[in-house]
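So, here come the structures, one by one.
Paired with subunit B in one complex and with subunit C in the other, subunit A is shared by the two complexes that follow.
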Partner chain A sequence: MKKRSMATSLADQSPKLVRSIERRLFLRQGLSLGALALLSGCDLTDDEGVQKVLTGISRWNDGVQGWLFSSTKLAPEFPESAITKPFPFNAFYGEDEITLVDGNSYKLEIEGLVREKRPWTLPELYALPQTSQVTRHICVEGWSAIGKWSGVRFSVFLERIGADTTAKYVGFTCADDYYTSVDMATALHPQTLLTFRYADEILPPKYGFPMKLRIPTKLGFKNPKHIVAMFVTNEYPGGYWEDQGYNWFSGS
Partner chain B sequence: MKPLRAIAAIAIFTAGSGAYPADEPVGKPMKMDEPMRGEMKRKTMKKGDVRKAAEKKAREMKPMMDKETARAAKK
Partner chain C sequence: MGAAQQGHTDWVKIHPLMVRITHWINALAILVMVASGWRIYNASPIFPFRFPNELTLGGWLAGALQWHFAAMWLLALNGLAYLAYGILSGHFRRKLLPISLREVIRDVLEALRGRLSHEDLSMYNAAQRAAYLAIILCGIALVFSGLAIWKPVQLQEIAALMGGYEGARVVHFIAMSLLVFIVLVHVAMVILVPRSLPTMITGRARRIS
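And now, the complex of A and B:
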């Protein structure tokens, strides 16, 4: 085949194809910038100006990732024989300092852009339609593990509380002080579960009793444990690690 | 979100009282002035930094969300 210059080749193509190629180049460049922004989580520098620039790039990268996110593309699921035993515990505190929540008095607080703000007790949450998944938890630290979680599809719960699903974010506060937030598209993804069980047993404290949000399309730090309150908003809520420079979207 | 209520709930829960699933070791109170665990942290980070950041975030979010909720109620 005769070699031709890139410009000539592009000129020969339909405008639709050219736009598609330009978009791919734009995305590739954007993702490269995003990779640079992730370095901010590695303490590249503490200089405030540099941090602001990197944060801006990371937020822009969030937009790109959100645009690329497919609400129908599923994370891989595995047979129960693939489950990692024991499933690792990981937190910013030790296993002997795990937060203990009183399940009898527990109430999940609901705030923000929702129709029904009443708190939910555990029996009410357990009564919602339950489903299970065996999926891989991928940690930003570089390890991964497969586990079985069961609970209600988060989209079902959001529907029950009358959440404004046109809002941008769902935020979470946790009994161990941790906080994070996710984009609405991920919240509505069919594999995003509000989980109450691990390996068919009530979620033990070390895995987040009374509930953990399990999102197999995101990194582990986007899967909050010991959730005590959640809110729907259009105001960017960030998260603990995200506010330290880790990429907010952190998903596929 | 009502941050004060959430903070109060967190304070109660982190006090470590009450029931939890059986056969689990009883958790010690978190030592807030100790360095954080894990690989995500910077060396200077302490466990108590998370609570401070959560309280600051709740204070920042509250007025914005109050306005947002009020706007939504008017619609």
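And now, the complex of A and C:
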């Protein structure tokens, strides 16, 4: 800023000064408006019209992510030395409220657009061809952790039950009342595993006994635990977090 | 009017329409991206502090993510339009170049002493050139690190440049901090030289010759 000479008389400066003050006021009002918009951010998001637009863009982003998704692009795999210990527990409830499922009476129910709807017991699921992966679990909150999961390729399982793989969605319901759904392309991805083990041990309850669908190409909340039923459908099934506003596709 | 006696006063065009439009769209996009981004950061801070929730947008994580992934389109499309215009029209070459480190240091020191001249708004001084170039580079870094965080599998080549997903989060944060710092200095300078504000709206400034 160029300093004005103090000797300059006020009379000479006054029209300029008035303009200058007016501009300052205008500027301050502009800044206050911005601050106000920020402060009322919560209300802005709650506004029905605004929420409609935001939800619409989120649906559009589902489409963009589906287009970006590649069936052959693999999530980076890591050496076992990179595994995060302890691997964090995460759910919509606390660690003291973990659901306990009885493995002996457990049956996985199959519904929807599939040829064979008979339920599966744990020994039958354990007998399927098993494979392992060490991948990064990325939470929608931002944190990430590397873990090792083992189980059957979900595409192999979908083939065994005669799923209509031209359908749009696979939905899951869980013993802890959680539910979610994924697109068929992701369900068929080679790294999407129906897992029964974590770090070579039978999945402990806190990691989702008896099974967790591990999808390293999606955020953590798209990896359902304690699955008790799954269904293939063309009707959008939503999900526990998705229905509250989290993006449905949530691909990585 | 005694304009002839006072010296000839006329209006000169300084900021092209395209620059003014993209500037204000960018200002809105940056405001939304930073305010929602701070809320997202608060869900899992990478440094031992959180941003005050009163300064954030979205109300909760899901709301903040909706704002962030909506405004990203505004930021990216507007940014592309601005870059395309700046390069193709010669605007960058004329206004931001040449730039020399010695001049930047000199003008920054002058500005700190309050002696930097803003007499001619049509010419950017070296401190301004450096700041505006840095804003552009920050924006590019934010978009690329943002893409790496959003798509660490599909766009893993970009993430790998930053040391993977966790590295991209740090790059995103540092680029945001730099950008916010430059914006704060920019706004402070506008308050000190208020006539530069209407100029960014009308595109014209008074030139006394």
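Operating definition for what follows: the second predicted complex is superposed on the first by the 207 of 252 C-alpha atoms of A that agree within 3 Å, B and C clash if a C-alpha of one lies under 4 Å from a C-alpha of the other, contacts with A are read in each partner's own complex, and residues count from 1 in each chain.
The definition used in the following text is that a residue touches a chain if its C-beta (ideal position, glycine included) is under 8 Å from a C-beta of that chain, and two chains touch if they have at least 3 such contacts.
In this text the structure is predicted, and so the values were computed from the model without any measurement.
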First, second, both or neither for A:Phe154, with subunit B first and subunit C second: neither
Subunit B versus subunit C as contact partner of A:Trp241, first or second or both or neither: both
Touched partner set for A:Glu141, first subunit B, second subunit C, both or neither: both
First, second, both or neither for A:Asp164, with subunit B first and subunit C second: first
Touched partner set for A:Trp120, first subunit B, second subunit C, both or neither: neither
Touching partner for A:Glu109 - first (subunit B), second (subunit C), both, neither: first
Touching partner for A:Glu97 - first (subunit B), second (subunit C), both, neither: first
Touched partner set for A:Ile202, first subunit B, second subunit C, both or neither: first
Subunit B/subunit C common contact set on subunit A: 41, 140-142, 241, 244, 246
Footprint of subunit A on subunit C - complex, ascending: 31, 35, 40-41, 43-44, 46, 54-59, 61-63, 65-67, 69-70, 73, 114-119, 151-156, 164-166, 169, 187, 190-195, 197-198
In the complex with subunit B, residue positions of subunit A that touch it: 41, 43, 90-94, 96-105, 109, 111-113, 140-142, 164, 171, 173-179, 202-206, 209, 221, 226, 228-229, 231, 233-235, 237-238, 240-241, 243-244, 246
Subunit C-facing residues of subunit A, complex: 1-3, 20, 23-24, 26-27, 31, 34, 37-39, 41-42, 44-46, 53-55, 57-58, 61, 65, 68-70, 73-76, 136, 138-144, 216-217, 241, 244-247, 251-252
Contacting residues of subunit B [partner subunit A, same complex]: 1-2, 5-6, 9-10, 13-14, 16-21, 24-31, 36-42, 45, 47, 50-51, 53-54, 57-58, 61, 64-65, 68-69, 72
